[in-house]
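Here it is, the structure in full.
Note that the chains are named A, B and C in the order they appear, and that numbering of residues resets to 1 at the start of each chain.
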């Protein structure tokens, strides 16, 4: 392909190939972003204008009605707060328990380790989509239906994250730990003062991914919350907001609001996320 | 971030870490409180949570009634939540009740109450409390009240009945000479008369418009229409003790052929199923069969129209009716101020259903029906008689709006109306489906419809 | 890959010093505390993964209902019913059909997008952002958005392409609409995986090939594609597992119904219908277990393939 230009000239010139590729990239981006723009424009129309036939891209009369509407009626702010609470708690717990477990499996010895590791790996195949009904009855028995904990805790045992960190810890040079042991440090101190700081990129990747999937999680919160006060953004938008007869402008505004935090996160932490995906991918190979 | 920024970067990192720590701590604290922001902000003494399924115009009217209740009862805070109509609503309500997190008050279709495990997922109403707030048995149609009583206890307080109607355009029918002296549609008394009317109406209809819209590809509407006409023919479903299927395939075939004929004779255009039927009606199509909830839609579209119960083409008048009713979802510790608040709220709305009637529904609280204000409502006064000619699904655990029966049989009816299956074959399939359902055990108590005899 | 290079840097000198003492210390410390490191995770894992699985197996042999009491043992009745249940097979068929359409499309599209982004020299971050952005939306938002785009009266899709297609109301298009929404929404994730893999291919391979006179096409066929084989395997495996579990966007696009003539009822949706709409928790558990076995078979099949290939490669 165009590798010639990459190594040939370090200063970037607009070769013919590059112009074609850039144009292609722009065209693809336009196609991928068009639905989002459409959502944005719809949210800036009045409800009557948004359903007009034939339809048109730009609002004839720009209005923030839909945006002020979602804040005035309904409980979108509750949902936003709920999403934040759930995602932050899930991310914190997952980071803590899966880094401990990843390290435990990678670098310590205990009886039954191989068997336990195998069982955890089997857990990769289990999700609320596969075993939702029994999971619900379990949580129901614990009295956690319609509670934050009912939403949070079942999301806190992701075998995949343990596996990623396990792979990472396996690659950490043993010499670093051993030097510390000789200085008299205990296992826990080594973990918290030497290993954790070293694994910041991996933890960032795991953390960001956990946050994204928790923020966007629909199925489990949908199953375990019925009280609209406790719903998260994806759940509330899908099951409550739709019910006022569909008001498309408001629905699009709500949807964009639900997507916004992650888009901001992505713009700021793009490098870590991309590195994280690379990491996940390479671990998964 | 932060990398290669030297000392100032460190400070910023500390700030970020501090903020992050606060967020995490705050989130855990919030989760530990566990009630959600809205409940935290509420300062009222008595908070009644009320779940309903009313969208669009119904939702608007319900909120108006709640607002007037709030104005009259400042000590009670009503927290109303509207959830998506159909099976998701029942799923949510059942799961909340099963998880012991149910709201104080809910709305259900009356037909679903039998299958909703009265006593397990629903709590019975306290008749004395209701009477205290002004609602008594004699204020309701006896048949309707009876449907709400299970094992001798009242499990549902009917708010309305809503019926399937034949909407007609007075301008078109006038041109076709189909209006009586009172300016209302003359009711046909046979299938032939009905199709003769359609023929004349078609002659008076503008080009490009169908003669009648009847949701030919909608599983819910087709099932409701079937129930109506099958009841007109005197058809039955099950024996009195629910041990045998008494479904009459000949009568069913008659009804299915009747529904199908609207398409084969070209009165209903296959391209205008669903909502398009109502749009066509607004544009000048003479008939459409719709639920009474379309009244406000046609009112606001300024159509010159009337509405009668589905035509009694098989002789005896009957139209499909369901009822929105208030229920008390099961709460382990039901009682006290919130429970009283729920009784008070339900009783209030039932008695102040005039605005509800404007939305097209027929108030279940009969004193409302005889008020001058209600009698003045057009076209409500044309179809209020439907209260006495209700065609309902059988009272078994698997029936009711969007229930298992409707979900299984609805698509089968559609396949006949749209022509992808023959009416007689469909009638037989319906019968075998009914037999399967009758033999099926209610998952809530492990009993078949027959064994749950006390319920019926 | 990065870890390999880190190891080469630090490796030898430190090791020589610590080798003797280190081994002993490590064994002692590890034996003491190893279990405690994994305990918190295992507790959560046992409560919310293992226990529900065992519970699901038990419930599948009962006629349990949603209220959680009064379950009776019914033996294999649920499984027998499931095998004869046309609705379950239909639902499974729909999920499988969806998977069949989505997986190859995702793999090809993600690869092409990654090649594009990899080879444009300017503004890499911008392309990454544009191609990945849809994935950041919640599934339900993606579903609502495409429901709006496919809206029969004034949907943008029909408007832009001058079509009159009943996307959401005709059984021959409904699932296709769900597929299109899914492609748009999820292609970004696989794209990032491919992009990372592309960036991980050592440049010297290409230079060596160029010295040998290989043209761009040859370099792609003989270097790029073979180097991407593992990541392709991963993308396909992850996509199969995710696609079989499709639920969110389908129900949202169809307003929580099963679509025209039940054509978008997916397997997950059917288990929830049985469990939560019909309250048949026992039966729902049985079909969930069947589903679990199916998913496990796919995952184990991939592991088996990988192992075979590794052995073949040696």
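Here, a contact is a pair of C-beta atoms (placed from the backbone, for glycine too) under 8 Å apart; a residue touches a chain by one contact, two chains touch by 3 or more.
What you see is a predicted model, and the numbers here were worked out from it, not measured in a lab.
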| item | value |
| --- | --- |
| Taking each chain's C-alpha mean as its centre, the one farthest from chain C | B |
| Among all chain pairs, the one with the most C-beta contacts | A-C |
| Approximate Å spacing (C-alpha centroids) for the pair chain A, chain B | 38 |
| Chain A-chain C separation of Cα centroids, rounded to whole Å | 14 |
| Numbers and ranges of chain A residues touching at least 2 other chains | 136, 140, 223, 239, 242 |
| Where chain C touches two or more other chains, by residue | 68, 255-256, 272, 276, 281 |
| In chain B, residues with contacts to at least two other chains | 84, 88, 95, 98 |
| Complex contact set, residues of chain C against chain A | 1, 3-4, 6-7, 10-11, 14-15, 17-18, 21-22, 25-27, 29-38, 40-42, 44-45, 47-53, 55-56, 59, 64, 68, 113, 115-117, 119-122, 125, 127-134, 136-141, 143-146, 148-149, 153-156, 159, 184, 189, 192-193, 195-197, 199-200, 203, 206-207, 210, 216, 219-220, 224, 230-231, 233-234, 238, 241, 245, 247-248, 252, 255-256, 268, 271-272, 274-276, 281, 284-285, 288, 291-292, 295-296, 299 |
| Contacting residues of chain C [partner chain B, same complex] | 63, 65-68, 70, 72, 169, 255-257, 260-262, 272-273, 276-283 |
| Partner chain C, residues of chain B touching it in the complex | 84, 86-88, 90-91, 94-95, 98, 117, 120-121, 217, 274, 404, 411, 414, 441, 443-446 |
| Residue numbers on chain A that touch chain C, as the complex places them | 1-7, 12, 18, 21-22, 24-25, 28-29, 32-33, 35-36, 38-39, 42, 51-55, 93, 96-98, 100-101, 103-105, 107-111, 113, 116, 119-120, 122-127, 129-141, 153-154, 156-157, 159, 162, 168, 171-179, 181-182, 186-188, 191, 212, 215-216, 218-219, 223, 233-235, 237-239, 242, 248, 251-252, 255-256, 258-259, 262-263, 266-267, 270, 273-274, 277-278, 280-282, 284-285 |
| Residues on chain B engaged by chain A in the complex (per definition of touch) | 1, 23-24, 27-28, 30-32, 34-39, 49, 53, 55-56, 59, 79, 81-85, 88, 92-93, 95-96, 98-101, 103 |
